[in-house]
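Once you scroll down, you'll see the structures, which are given as structure tokens.
Shared between the two complexes below is chain A, which has chain B as its partner in the first and chain C in the second.
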Partner chain A sequence: MELNNIWKTKFQRAPDCAFREIEGETFIVSSSTGGVHLLNSVGSFIWNRLELPATPEEIAGAVTDEFDVDSGTAQKDILDFFTSMIETSIVRQFESGESDG
Partner chain B sequence: MLKTDLEIAGIHVLISAPGDNLPGRFSGICAAGEPANPALTIDYRVAESVNPGSGISTSGTPGSLSFDIQGISCELDLAERKGKLVTVNDDTVLEYALKVAFQWLLIHECGSIIHAAGLIKGKRGYAFAGPPGAGKSTLASLAPGEPDIVNDEHVAIIREDDSVTLHPLPAWASPDRNPAPPPPAPLSAFFAIAHGESESMITGVTAAEQTRRIFENMVFLPPEINSLGAAMDTADRIRKIIPVARLDFALPDRENLWNGIEQYLENKISKSA
Partner chain C sequence: MAEKDHNPELLQYLYEKARQTGHPLSAHYELTYRCNLACKHCYLKGADCPEKSTEDILGALETLAGAGVIFLTLTGGEPLIREDFFDIASHARKLNFALRIFTNGTLIDNTAADMLAGLNPFEIGISIYGAGSQTHDSITGVQGSFEKSLNAVSAISSRGIRTTVKSVLMKQNFDEYEEMIELAGSLGASYTFDPTVFPCDNRDPAPLKMRLNDSQLEKVLTDRRLTKNAAARCRGPVCDLNHVCLGISPSGEIFPCIQLRRSCGNIFSDPVDAIVKSIDRTVAPLTDEKKLELCYNCELKDSCTRCPGLALLEDGSETAPSSWACRIARIREKVRNNEFSR
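Coming up: the complex of A and B.
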């Protein structure tokens, strides 16, 4: 998927992931890939947002509101983060026609 | 119908099978003495062909598990305390199925089979977890004094109220193990081993990282979301009771290693007192 396309595409947590929030960090295990992931506080904030479908653009806005970070840095970091989450299959693209929660 | 009572770390599974007893390799986990109240009674059958060519397929709800793998079909139900198991006529396939079943039971009892070397030194139990080649056995063998080596590959650990117990895992295929493993003992600390360059070092990690380090060393976990969630909860409960740390193990620095381990534990104990 092209980076420009990622920016305005809705994503949601993959349904085959088990996760637990532990003292501000989020520990995620994918039952399909076996991958184990640990998210820091910002990653956990994003993961919580992805309970419902959201675009990286929307998430970036929420991150800049919540954390002390400029929008340029937030955009780059969030694109990198989404790229990583897509590659490791812990988020999936929200298909139009699905109920969004 | 013959019934065999198998036991690991205090968890009993009654295997009910027609015909002959289970193969001799399972005598290492046969319970002795009075029949216990089993966590599960499993009806076991051998079939000529089971799921030929299939990949792993698992499904479950909290308290139930089904898994189908080439050569294995298994359904377990904790509420009903019963299960069904069909495998091809192959001891190693049956052994794998039983290990998955026991691990699934253990994580629901707040315990787990862990890929770790376990040893008891004085009144303290230690678990050194890590992948093959990480140095588990070497580390255990370097312990001064005359520690009891519980196992240098797999152990079971179980949380009981406000303590965690280290259990030997019976040798599945060598029931005549000599010497016999020591009895269960309190586990004082869990170390996740990483390769150190020249210096051995113990590093504290965040709470989530501690949970992850325990979880990553759990073996025979069914790849099913409810089971994985139960395993994560079990790992998290265990790390709340005992110190969990990363241990970078450098063989050239072995002389200082055990001093460092003991000192780390003393510091942890004095802080929590």
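Coming up: the complex of A and C.
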């Protein structure tokens, strides 16, 4: 998926992921890949938002509201973060027609 | 934002963090001691334990999730013998546990396999004790169990679920272990074999006569397919028991490990922080150098896989040398010396 497409595409947590937030960090286990992942506080904030489908653009807005970060930096970091989450299969694209949960 | 990925160091980091902050991280939950098989080597033979209601168990899972547990194993007995098994497993997934299920597979038909696949479990382990029905069924005591268990391996694996064939190696099935490896592989499953036969939890030593002899053990311990992680398991005489991993009986009693049944509270009546403290108090002597003096000073300690629970059952004390671990260590040392002298 190209970066331009990612920005306005809705994503949601992959349903096979197990996770737990411990002391501000979120630990994720993917049943499909067997991979384990650790998110810091900003990553955990994003992960919590992805309980419901959201676009990186929407998430970037929430991150700049919540954390002391300018929108340009947030945009780049969030695109990198989503690219990583897509590659590791811990998020999936939300298909139109699905229920928003 | 994703700081680490896929690496064993991450699991170690998580484990260390849980240890320092007083969180449990994994739980091994025996939902029932009932089973539809009668395996000759089963350590739960004759065990009887009151079971909890569905509602109680769902509540216990919520307690565990709230306490930070992420890895949950549902086991038994045979866990699928409970009519509410899928209610429990489904609730576990709603609570975002990484779910493992240990089963004999005999109750898994295609419908059950579909339901299991829908749960997105992390892994399903299915017990197989032979490469054919004659050996397996003679161990389980139930005609036709091999076919059902094998069908379950196939049904689970073909649905893309991580599937492991689990087996205890003993005199009765030793000659078939290589075929069992091939069988598991042909069905898309991995395999894990353990040569340790435990006494029954009531200390009945009857299963011990099924243990492999020394030459069989030597073959197993030198088979690279079976000993991929053997070096990691040789942790010395001290088992790293603490509150990070919990064993839970059908009545909710908490143990430091399923193999070390020293009660440390009850998930239905005690707060988790009290359970955590009780476990740490219970296991503290097991890492005390003075209490384990013989083992600490043993020349075989680098080849040791001592289990305190087994030492308690078989040798009378969880701080005593384990006769089984000593025997395995001697064979490991012999193998190692032979390799060096070649």
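We take it that the second predicted complex is superposed on the first by the 101 of 101 C-alpha atoms of A that agree within 3 Å, B and C clash if a C-alpha of one lies under 4 Å from a C-alpha of the other, contacts with A are read in each partner's own complex, and residues count from 1 in each chain.
Everything below uses one rule, namely that contacts are C-beta pairs under 8 Å (C-beta built on N, C-alpha and C of every residue); 3 or more make two chains touch, one makes a residue touch a chain.
Worth saying up front: this structure is predicted, and the values here are computed from it rather than measured.
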Combined model on chain A where chain B meets chain C, clash or fit: clash
Touched partner set for A:G61, first chain B, second chain C, both or neither: neither
Which superposed partner A:R20 touches (first chain B, second chain C, both, neither): both
Touched partner set for A:M85, first chain B, second chain C, both or neither: second
Partner, of chain C and chain B, that touches more residues belonging to chain A: C
Partner chain in contact with A:S31 - chain B first, chain C second, else both or neither: both
Which superposed partner A:I46 touches (first chain B, second chain C, both, neither): second
On chain A, positions contacted by chain B and by chain C: 16-20, 22-23, 25, 27, 29, 31-32, 34, 36, 38
Touch list for chain C against partner chain A, complex: 1-7, 10-11, 13-14, 17-18, 21, 23, 65, 68-71, 93, 96-99, 120-123, 160, 162
Sites on chain B touched by chain A in the complex: 58, 206-209, 211-212, 215-216, 223-226, 228-229, 232-233, 236
Chain B partner contacts - residues on chain A that touch it in the complex: 16-20, 22-27, 29, 31-32, 34, 36, 38
Footprint of chain C on chain A - complex, ascending: 15-20, 22-23, 25, 27, 29, 31-32, 34-40, 42-43, 46, 77, 81, 84-85, 88
